[in-house]
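Quick heads-up: structures coming right below.
First chain A sits with chain B, and in the next complex the same chain sits with chain C.
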Partner chain A sequence: MSYRGASEIFLGSAGISVGDSVKITKKDISYEGMLLDRAEDADETHLVLKLKNGYNVGINIENATIELVKKGEKPKIELSKLDIERDNQKHDISIISTGGTVASIIDYKTGAVHPAFTADDLIRANPELLEYANIKGKAVLNILSENMKPEYWVKSARSIADEINDGAYGVVVAHGTDTMHYTSAALSFMLDTPVPVVLTGAQRSSDRPSSDAFLNLLNSMTAAKSDMAEVMVCMHATEDDTYCDLHRGTKVRKMHTSRRDTFRSINTSPLARVQNGGIEILDEQLRYKTRTDGEVELQDAVESDVAFIKSYPGISGEIIDYHIDKGYKGIVLEGTGLGHCPEEIIPSVKRARDSGIPVVMASQCLYGKVNMNVYSTGRKLITAGVISAGDMLPETAYVKLCWALGQTDEIEEVEKTMQTNIAGEIEDKSSIKYFLI
Partner chain B sequence: MDYEKLGLKMGLEVHQQLNTKEKLFCPCDCNLTDKEPEFKILRNLRPTQSELGKIDRAAFEEARRKLNFIYDAYAHETCLVEADEEPPHPLNREALEVSLIIATLLNMHVVDEFHTMRKQVIDGSNTGGFQRTGLVATEGVLETKYGNVKIDVLCLEEDAARRIGQEKGKVNFRLDRLGIPLVEITTAPSITHPEQVKEVAYHIGQVLRSTKVKRGIGTIRQDLNISIKEGARVELKGVQDLDLMSTMVENEVKRQVNLLKIKDELNNRNASVEDELHDIAPLLKETKSKIIAKAESVFAIKLNGFKGLIGIEIQPGRRFGTELAGYAKKMGVSGLFHTDELPAYGITEDEVNAINEFLGLGDEDAFILIADEKEKVINALQEVQRRAKISLQAVPEETRKALPDGNSDYLRPLPTASRMYVETDIPAISVSKELLGDIKSDLPELPDEKKVRIIKQYNLSEDLAKQLVRRNRADSFEKIKAESGVDSTTIASTLAYTLKELKRDGCSIDELNNSILLEAFELLENGKISKDALPQILANVCSEGNSPQEAAESLNLMMLSEDDVEKIIAEIVSSNKKMVEERGMGAMGPLMGMSMKKLKGKADGKLVNKLLRDKLQNIE
Partner chain C sequence: MSYRGASEIFLGSAGISVGDSVKITKKDISYEGMLLDRAEDADETHLVLKLKNGYNVGINIENATIELVKKGEKPKIELSKLDIERDNQKHDISIISTGGTVASIIDYKTGAVHPAFTADDLIRANPELLEYANIKGKAVLNILSENMKPEYWVKSARSIADEINDGAYGVVVAHGTDTMHYTSAALSFMLDTPVPVVLTGAQRSSDRPSSDAFLNLLNSMTAAKSDMAEVMVCMHATEDDTYCDLHRGTKVRKMHTSRRDTFRSINTSPLARVQNGGIEILDEQLRYKTRTDGEVELQDAVESDVAFIKSYPGISGEIIDYHIDKGYKGIVLEGTGLGHCPEEIIPSVKRARDSGIPVVMASQCLYGKVNMNVYSTGRKLITAGVISAGDMLPETAYVKLCWALGQTDEIEEVEKTMQTNIAGEIEDKSSIKYFLI
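Entry: the complex of A and B
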């Protein structure tokens, strides 16, 4: 129970707890209803009552008396159990749940939307998914995606590998949208998968009728059955509930705080469009890895002491020095324009490299390539040993550096890895059509 | 009908749009637009579980009809909040304050803390699949001639999207109306007489009109809850015409009384509804009925013991069959055929006999058939079975749409409380004692009180005062009168009538704010223009954007000086010398006519009269 201070004492002295039917009487008015829990961050002076007409109201306990009408159970959300029979005509798809909005429900503690569904609950809430495949659900994590860490990428990658080794025809990963593109990049580097691995989520929580979760999940199922054996993100392509786009895990980014069509492919086209159980390749020139009968390969070693620093007018070299002194193993700089930072901080950058810490330069422009040959600052950065991220997204460059440092301690090896295309993260050619799509 | 004996109980629900600057949860303004939509958004909705884990029956029924919703959106008139692409902004404080004023005027108890809720509505009228609403106050009292009526609750909520049209499988809404603040006032079901409903509606209207609410068609909507002792609560949606209310009540009571009679007769006959659906297409292969011939499938159900009752009239022009058809139509079919109306509509007696035989119907048994796409037919017949089963038990609780003829159509089951759950994106708002104190000390005057006061205070006629109050111009009148020496009646009639006429003639009278009107009255007060010229001058101000003075000058309506008037009169007299010589003072009439024609709007009639008389007398 989240009642604190005065309200906790008030309720305690009357022996009343959440879920009880009560009557609260004040000077000229009384209210009857069920006591609900109160948000943890709310004040201590009000009680929340659900009236018979369904409305919640807050009642100040000042000059109020309370009496118990009927003891009650704390309301729980229960979904009816589904007895799922395996259909041999259908493929086996695993849904891995990590938390986030695609799998969330109202929480009494805070009154906020919280990840609470297991993957099983997901199927119960969306029984239509069973028309697409035999579904196996597994909850790996139950966190909001802003709380993701590199070690959770490892945990997720291992679970996905287990599912594939157990015969999953494809894997869908339910994930919070905030850091989905970090995870999709991490899984892209860690997993060499023979089957599709599709990350999906929701921008409107699944507790509301307009949630985008259902269409995203349904289309992810289609993608998971396709012949595209890559780590991908499947989310609404427009504001309509019509189709989703399938993005390469290393070249996708959340670009809007709230819109359904927030995920966009950057410096490439989406791989495909998914609609009504079908997949349409959008650009025939764009290659992708196809499904095989092979084994999944897992390279999940990762270094989590990597700093991700944005350059800005007025940045001080101290920030870089701090990370060197703290023992960080790598630094990604999100530079300006073609890949620059103020000349003043170049000595610190050089100091990092001289201390055996690789410094990778990506661009905060997001679109286009890093090219440090054009201006003198860039050339000084090259001389200082900075590694170019090319057209990699800054977030992808960060994830890749974590991963590369997990594979080797040799700075030259790391530099080579960073500049070699591993999972579609680097494209040599910049197409005229890759901007703002 | 003896309403008292029948145990008639009614409750009124009034929805009134507030006239705030912004919407309830976003900064868009509260006006509707007829512009072509700049964006169209396609969405689907699914029902979800509420806090208590129950699915609402009305929401569930909507979900069975798989519909696409198309929303008209705009670059500037609407934003991402209405499109359900951005969380709601904090609640509009202005709207909350207006709702607190209304609650106080209705003698209600305001809650200590306002919680925004989500009320599930998945008919597409809300992009989120729920309407945001919150309880502001409870337990008010309204005095009426028939006794006190309790006001149960006052809620502050967002208006729904505007339904623009429908085509197959798609419903088109416009986002302009979605989010306009609305108060919902619900009385207790304690009204016992149709005349009392009218009085309650009138009183609530008075209270609303004394505050910042929108005026005009569509800005206020009324629903009527009706039940009789043995019947059920039915909500009639959209009862606009107060004068039609007693007919609505009468027809609904009739409906419930007749449904109860049918129930009793069905139970006497031991009637029952069979669950099976029978494919009867083979029996109708050669049919002349066009509807059946072109349908994908034809199914029938058996209603044992229903014969003769389906055709019984339960409301003027509406039968028990109409009730059953109402449920079927919700599943997308256009109607049904039943035993009591056949043979007809191209279905022959032989065909009816064949169906009777196929279904094994006895003398008292009936069938219902529906022809359409298979999925729709099955859904529709299942709904008819559900409704027919209810008819053995009771009158169902329903939401019905009020029709212009005083009847009503089935809309959906009554929503249950379980369709409410908390809006997690809006923090609770504590209503402080200070705010309530401020509101109580500065309550607006009710329209009737205001009318009585201004009649007395300004010596206005009853009619003028009534018009000022009704047109919401009493405040303007008082402000202008406070600063102008022009007589009350002239100011009042300009505000009450002249502005109305200008508007009717197509002038945009929004330009005429208090300070512009005051400028015009100053010209009048200083003798620079005549009263007659006022409408023309104001029209020019609207159309040309001139100041009143510029308008009067450009229209050549500035009053002439006494010298100039005298000169003009002298000219008229001298050019009509002959008449003056012949008739003497008898020329006064015709000359006055000529002078006024020339001086209209530029000189006061009394002055012209005086000067002309002087002139004629001096000649003699």
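Entry: the complex of A and C
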């Protein structure tokens, strides 16, 4: 039990344990429900109850009284330690936790959500997962994903490679949703994997009744046991707890601030739909890499001094100059339309390229592909040496440039890499078909 | 006729005029079709034919022979001069041209598209428009819209105000599509208009058979004659030439690099559907401002030293510091998820605010709204003084901050303005409903 200090004493005085039904009274209000456990680093003055209406509530113990209504039943699985006997009939799946909402709890003191769970906590909060596989949990990071950075992509990639080399049949990566698509792209380039690597997360934390964490984790387990040996994102495909979509790691993007079905494949179809332990391929024409007995190949070198700059009316070329002078090694421009920026800043773009800094053009439209051959501005950009991102998402183009610059210093090699499909990120033909569905 | 130099001599020698059916032979290949006119500044060595299959082709006259197949018919309306008699039965609509594809032609020498038309050329290319209104054409700019900047928003707003004050019943603004949504937002804040102001453009230039220019212009005329006195965008709503959608100027975004139906209302419904001269309101709950006899109110002051910065894994706080030190007056961050950035850069964000520079947080998800109360990172941003963009598009938040800083130097006033709905840009309740449709 993770209640400490004042709350531990408060509960101990009444002989109450996690799982018991209790009634807490404060002034004129009574709360009746089941006492939930809290994370290791929670504050000492709040209890968390699951009320009968299904909602969780945090209650400050100050001026509160508590009485036992009914002793809780012992949980089916002893969760205090997770060394459950290995079942040879089940596959070995590793869950790697990097933090994020899926591994978060509400801080009932402030009402804010922050990352707190370890990978084992994640399993403790979702014990049903143990019925579907032999699960090994490992915490690599414990951050909200807005704090992700290239060096953490490397750390994550290495951990995943270790798990695969240790015999994992598949790997599930718990990750914050804010930048999950940047990380899924990075892992797609870094890992040539013989087994599925499935990133998942949640838009509501596990200790909320409306949490999407469980279904996302469960369907990710299904995906991790499948024959699809790619880096993928598995998240809710609707607002209800119906099914998840499995997206290619390089073609997916968070498209809504709060909805559960926030992740969408852009310029392509999701690879598959995952539901009730089954996987349905959504587009037979979309090829995917299948499971092998081979080793994982890890190419984890990455350049972190890459700028990602959005073009807009009024942008100054000085911002490009700043990055050149600061010693940045690459620049991705998120241009307008087919891949444009104001003509005024093209001299700075040319200066970057002349200084040996590759400049890649993506489009802030998100859908469709860059084509700098149509308009005069685009042609000037081509002349200035700008590399087209094709139908790559701007975020994927940024991640890929970090990775390409990790593999080589030769600008021609970087250009070649950027324009070669490595992990399904370039798929030019499909850009018209999959708009806003 | 705009053929000059060598091509004029070439055509004159065979007695051929624009509109004639001709056969051009080069080596073993013959092209048969109708001779099209070219723009004033086209090169002298290419002719443009509309082939029988409907496509246009540019042919270099070098080593070519030409023969007349059939004299063309005289055009119904004499387009060489546009001082057509005013019809009192028709409304007066002003078409203001700023350039862009709708006012562009293909340069057949290079194959690239560049802006070339004046407003009168626009009417010449689409003479059918004259049947629907008394049209007055005016060219304010002649640029591709990637070259738009805040000072041009001001110039455009003033021209539109002049037209309205001169009695225009409605104004159509021809604009490039790349940054049309930035301009439509700017005009929405700058103009409190008593009549419709309708921005439109094209994804294919007018001299292409697949051009969307005509339908967009025609439906914009319908919108300009309607009772909806707002700044709006009128563009194709499908891939076919069926109908257009009319979007509120502050809630629209270019979402595809090449499709005709690239413009989408985000976090709201389009205001109306425009088809066959009629307007159908799409969401009765969405209020709009109606036509009055009043004056136009012009608030065109704008601050152009505003930075628009996308947050990404690996971004450095130094980029914020750079803008502070350069004397920028405001910063819009396009954060991740509910409105986050790496915690590492929050000290720089705080420094901006402490230096009197407002920092506004929008979300790169595009759909949904910013809510910095949910996660610890968001709360730290609120503490650092960051202003929420709510459900505003990042592009609209950027334009609005430029405008708000034009109205006042007081940071508290700027904050209040950013969080007050001025032109339909804040519409918090609707953010869940209108996702990706």
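In this section, the second predicted complex is superposed on the first by the 347 of 437 C-alpha atoms of A that agree within 3 Å, B and C clash if a C-alpha of one lies under 4 Å from a C-alpha of the other, contacts with A are read in each partner's own complex, and residues count from 1 in each chain.
Everything that follows uses one rule, which is that a contact is a pair of C-beta atoms (placed from the backbone, for glycine too) under 8 Å apart; a residue touches a chain by one contact, two chains touch by 3 or more.
Nothing here was measured: the structure is a model prediction, and the numbers come from that model.
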Which of chain B and chain C A:149 touches, first, second, both or neither: second
Which of chain B and chain C A:416 touches, first, second, both or neither: neither
Partner chain in contact with A:343 - chain B first, chain C second, else both or neither: second
First (chain B), second (chain C), both or neither touched by A:58: first
Chain B or chain C, by number of chain A residues touched: C
Partner chain in contact with A:28 - chain B first, chain C second, else both or neither: first
Touching partner for A:46 - first (chain B), second (chain C), both, neither: first
Which of chain B and chain C A:214 touches, first, second, both or neither: first
First, second, both or neither for A:242, with chain B first and chain C second: first
Touched partner set for A:179, first chain B, second chain C, both or neither: second
Overlap of chain C and chain B interfaces on chain A (superposed complexes): 111-113, 257-259
List of chain B residues in touch with chain A within their complex: 39, 41-49, 51-53, 59, 80, 83-87, 109, 111-115, 117-120, 122, 127-130, 133-135, 138-139, 153, 155, 416-422, 424, 427-428, 430
Touch list for chain A against partner chain B, complex: 28-29, 31, 39, 42-43, 46, 48, 50-60, 75-79, 105-106, 111-113, 125, 203-204, 206-211, 214-215, 239-242, 257-260
Chain A partner contacts - residues on chain C that touch it in the complex: 107, 110-114, 144-150, 152-153, 176-179, 182-183, 254-259, 261-262, 264, 304, 306-315, 318-319, 322, 326, 334-344, 363, 365-371, 373-379, 395, 398, 402, 431-432, 435-437
